[in-house]
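Following this message is one structure expressed as structure tokens.
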Amino acid sequence: MFERVLVANRGEIAVRIMRTLRDLGISPVTVHSEADAHAVHVRMADASICVGPEASAQSYLVGERVIDAARRLGAQAIHPGYGFLSENAAFARAVTEAGLVWIGPPPEAIETMGDKLDARRTVEAAGVPVVPGVSRPARDPAEALAIATQLGFPVMLKASAGGGGKGMRLVHDEASFEAALSAARREAAGAFGNDAVYVEKFVVEPHHVEIQVMCDAHGAALYVGERECSVQRRHQKVIEECPSPFVDPDMRARMGAVAVAAAKACGYVGAGTVEFLVGGDRNFYFLEMNTRLQVEHPVTELVYGVDLVELQLRVAAGEPLGLTQADLQPRGHAIECRIYAEDPVTYLPSPGRITALTWPEGPGVRVDSGVDASSTVPMAYDPMVAKLCTWGSDRSQAIRRMGRALDETVILGITTNIGLHHRVLAHPAFAAGRYDTGLLATPLPDAPAPASGHRDAVLAAVAIAQHVADEARAVPTGAAGDALTGWRIEGHERMLRGG
Amino acid sequence: MRYTIEHDGESTPVEVRRLGTDRYLVKIGDGEARVIDAHADAQGVHLLDGAHSRRVRLADDGRSAWLGGHTVTAQALDPHAARLRARRGDTVSGGGDTVILSPMPGRIVQVQVAVGDAVVPGQGVVIIEAMKMENELRAEIAGTIASIHCQADDRVEGGAQLIVIDPAEG
Amino acid sequence: MFERVLVANRGEIAVRIMRTLRDLGISPVTVHSEADAHAVHVRMADASICVGPEASAQSYLVGERVIDAARRLGAQAIHPGYGFLSENAAFARAVTEAGLVWIGPPPEAIETMGDKLDARRTVEAAGVPVVPGVSRPARDPAEALAIATQLGFPVMLKASAGGGGKGMRLVHDEASFEAALSAARREAAGAFGNDAVYVEKFVVEPHHVEIQVMCDAHGAALYVGERECSVQRRHQKVIEECPSPFVDPDMRARMGAVAVAAAKACGYVGAGTVEFLVGGDRNFYFLEMNTRLQVEHPVTELVYGVDLVELQLRVAAGEPLGLTQADLQPRGHAIECRIYAEDPVTYLPSPGRITALTWPEGPGVRVDSGVDASSTVPMAYDPMVAKLCTWGSDRSQAIRRMGRALDETVILGITTNIGLHHRVLAHPAFAAGRYDTGLLATPLPDAPAPASGHRDAVLAAVAIAQHVADEARAVPTGAAGDALTGWRIEGHERMLRGG
Amino acid sequence: MRYTIEHDGESTPVEVRRLGTDRYLVKIGDGEARVIDAHADAQGVHLLDGAHSRRVRLADDGRSAWLGGHTVTAQALDPHAARLRARRGDTVSGGGDTVILSPMPGRIVQVQVAVGDAVVPGQGVVIIEAMKMENELRAEIAGTIASIHCQADDRVEGGAQLIVIDPAEG
């Protein structure tokens, strides 16, 4: 096994990977942008090297600097996390060429699956069902419109190089087609440097269900159950669960077999996720394969009792998985709520300085956070600050525990989507496990109202706190004994004045 | 001591007198004064009001509070600021519906209107990008674009004035 | 199910019970001593009533005041936690007579099992093996010595009304017998108001293994695996694990059957723990039955996927368990480290104010704490401030994760036993899973040494913090805008000056 | 600025000069001055010393520190205290082995010796109860009991002087 591994990422996923590295006695090192010199992922590492200014294109995305940092820090391998360089085949190749181990699938697999249209062709050839559509970018707006008209509205526009909902647009009719197409292309160009967009049939009552796969270099290829990811806003996942309330054991086995076939079709090694679009009729279609660790992997870990990052490391080190399909049995139910620094109603990002922070604890709660009580959430990066997961012996207990965990969570200074999560958990369709990707477009229940006396309690608390502070100011300073004990307080005060 | 506490945009006078360690007499607005057991520390303030237990977390910049899963803006105003607010008639917000403010720091992607354009409620006027996502800001009222204070590629701060709309009559 | 339940306890167990109450939508209320008006368990409750001064004998132990508080707060049931009134049959009876539900076993079962000698007689009659000894308190020191001489040294002295190691003494020879006996009687009198002490044969290479049982009022009586609790100092548990590395499936089934027989022998209903002394020869002997929730119950919850507090509440509400023995299958391995406010070498309690606190997070970690970052650990109560648990797919992963969790834990202001936990985890006998209750009497490995540069880093950090504070002092105050933002800082400073 | 930092009972001069935001020149004792990137906030101080990343948590009373799982006492002394310590020759501890101090607040259960008694190392002298557990305090040296400052049922503070021992010669 490796002695030192460089995590080429930031935020919660870097922290999460470092925890498994520490579990295995491996020294975690990392890289940072100028803005992140004192970010949580750097604090948690044994060493870190600055790779450029705040903009990720000039720092976290500059592959040669990351490789150079790994060499200088004496790392034997690089874990890319998700996002950033994780699905960059050229980077994967450069890592290997530099004599380092790439903790991810072979570059060829990344390439095949990275282009959605290539991916479609490859898996279709392996007998994997795909969504009706045209498997190449439209040459021009006129052709795109012709394809859409032929498939019949509604259609989905998708960035050929895309992912994470960027460059995606659902178009209901011809009238709004042109505006949607140009917006999708602009977003695709900005996010991926490639404005190619293609047109797909929109599946009715769509569910987003994905299968976790895990392959080693010795021919083992297993699926580790599914995740239901249909609670989405702007095509970005908000809440995920495992197992899917929509999937039964037979369907799981069929989807698992298809996912493994898709992985084998591209010579996959490591952890990957095969995303499916599932219609209300339970037909499922290959959407794409994410050739990396997935944001929502913890729900799989909780239900299947595995550490996917540890498995990634073992596979990258050449070890066999040492598991059979029969070893991977689900137990209970897990839910993940992504905590975004954003307005819960408008979904607008809300970067800023965190001014109070408490995470939940206790039975059935797992927290993966990328911030601490003194963090500033910068504008330059992803607005997700943490993932709250709960496990329960059944779905109802997992949901109830999530409600409690959200109630225990205190985050002040930035606006978060905790209120949105409460409203989704209270939604009858969600509670019943009968929902599709349209859930967040339906009217949500009101957020729970504050208890009576809430306003008076806040007013009394703020006034009492102020009173205690005023009393303290009236006491002459310098009576504290023979040590200067005020450093923290004063440092703090300065921070407030300085902004 | 008498304080002016601003809570979700509304100012309320609150009087506090210490009665002992962790015990206070508190009078909120025109309400009855009552005895509250309370303890203030770095975690905020815990109130035992009769038997009711309430834990109020306070932000370390003294500008917001959390209680039972709910977050509110709440702060003690200094006497000068409180007097100013009183004179202004308690208006806290900026320009109301007639001004489109940037909801966060970000980069302007596109200005979708020109001065003199008529707009209807819900019509997109500016696209701003932050944290790698594009967000369309929309007019909340019908009217005419009076002035534009940004252009594509500008970096703007949260709260920056971007567009001013002349409300339509009626 | 109940709408409101009073938790008649404090610290981590009160908080843990309240979490399950919140999960079930039940309003948690509680009681507090004058010293605890703002303790964490009161902060977490919806309401609380003061039941007396700091000394627990005058507050938490005054049954009528607790029952009165439950009535006034509109609670339908009382959960006693562990310790305090949890094994007080008279209190259990008074709760029922007051028209409230007692969340615990029938008073008769508490009485039978509360007197160790009664318990011995009862379970012996049900065919449960017991430790050789004399099943009644010695009438006087001379008789006690005679019994000890007859059984042969070493012998154990035990408080008849005892538990938790209080009033227990291991005596190796006749010379030290009299002093040990008077110490045991004094401690028993102080802890339980009863100085009766009896004499038992000391089992060689002793393991402390206990079986969790769960019975409903409809005749179901199940065992929920075992816990290994042999890492003890002064007869108090320090680290527990589930499953026991010393117990195989056959032994588990036999011990489980015996534990269920013991529970049935006293008409048990609810959650209880049957403690066994297991010799190096794998013979096991009934020690006692704890008729309440056990401190270390979380390791069972993690491995068996149940919420024991939820089951307690359902059974108390008259619901059937709805589980069969076959439903209770272990998965993976869990370890608990009890975090005590005590010196890791001398085991002396270290009460005080916590001046910095961070709990670990991430995969496989569960924290049950009874303090927050501003708590004072009082001298009057139990010195345990939290329980850290880790789960792993195997014992090795659970241990490795515990090492990481301990490393992530920051507690300043009070001395804790975290260093001791590190040394036990590194002990070859512990790592191999081959240890008995004598482990902590053997030489422990040294605590891991600080990394090189540790001292310079601390010196630099303290000096930089002081420098930042000094710079801030030089800036004129009052430039912060139109709000008084300094309340927290000043309040804090006052606290420091005030002590 | 020059500070005197006490770290596990030992005092060391440390010079700090700010070079920029989150950048300092630091000279420890007689060592070389070097540039350290560091950020101080309510979570403590994070140091990037070259590529080495070190997170030092500091207690809110400024008296102890945590780094990489290890806890130490560490505080900045004010100039007056630092001078005093220097004059005393850097002795921080109390009476050494000859005085038995109460390790915590508690209640005296029993005094096991009388003035004039001879004691040997490891011999129990006082039983103190705290947190419901009895703890026996033992002599660390051989000698004779010189004085006793407590009796059964006394409540004592942490650090209280309980017993003084005249060391045996040799």
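Structural remarks
Letters A, B, C and D name the chains as they come in the text, with residue numbers starting at 1 for each one.
Basically, a contact is a pair of C-beta atoms (placed from the backbone, for glycine too) under 8 Å apart; a residue touches a chain by one contact, two chains touch by 3 or more.
What you see is a predicted model, and the numbers here were worked out from it, not measured in a lab.
Simply put, of A-B and A-D, more C-beta pairs touch at A-B. Per-chain CA centroids place chain A at a distance of 30 Å from chain B.
Note: centroid distance chain B to chain D, computed from Cα atoms, is 47 Å.
The distance from the centre of chain A to the centre of chain D, each centre being the mean of the chain's C-alpha atoms, comes to 46 Å. Centre to centre, using the average C-alpha position, chain A and chain C are separated by 37 Å. Each of residues 358, 407, 465-466, 468, 470-471, 484-489, 491-492, 496 in chain C touches at least two other chains.
Shared interface positions of chain B, i.e. residues touching 2 or more other chains, are given as 40, 42, 52, 58, 60-63, 75-76. Across the assembly, chains come into contact as A-B, A-C, A-D, B-C, C-D.
Touching chain C in their complex are the following residues of chain A: 15-16, 19-20, 22-25, 298, 301, 305-307, 309-310, 331-332, 359, 361-369, 372, 393, 397, 400-401, 403-404, 407, 465-466, 468-473, 475, 477, 479-480, 484-494, 496-497.
The touching residues of chain D, when paired with chain C in their complex, are 1, 3, 5, 7, 12, 14-16, 18, 24, 26, 28, 31, 36, 38, 40, 44-45, 47, 49, 52, 54, 56-72, 74-76, 103-106, 109, 129-135.
Residues 22, 37, 39-43, 46, 48, 51-53, 55, 58, 60-63, 75-78, 80-81, 84 of chain B are the ones that touch chain C when the two sit in their complex. Of all residues in chain A, only 29, 37-38, 42-49, 72-73, 372-374, 482-489, 491-492, 495 touch chain D in the complex they form.
Chain C makes touch with chain D in their complex at residues 166, 183, 186-187, 190-191, 234, 343, 346-351, 353, 355-356, 358, 379-383, 406-407, 410-413, 418, 422, 448, 450-451, 453-468, 470-471, 492, 496.
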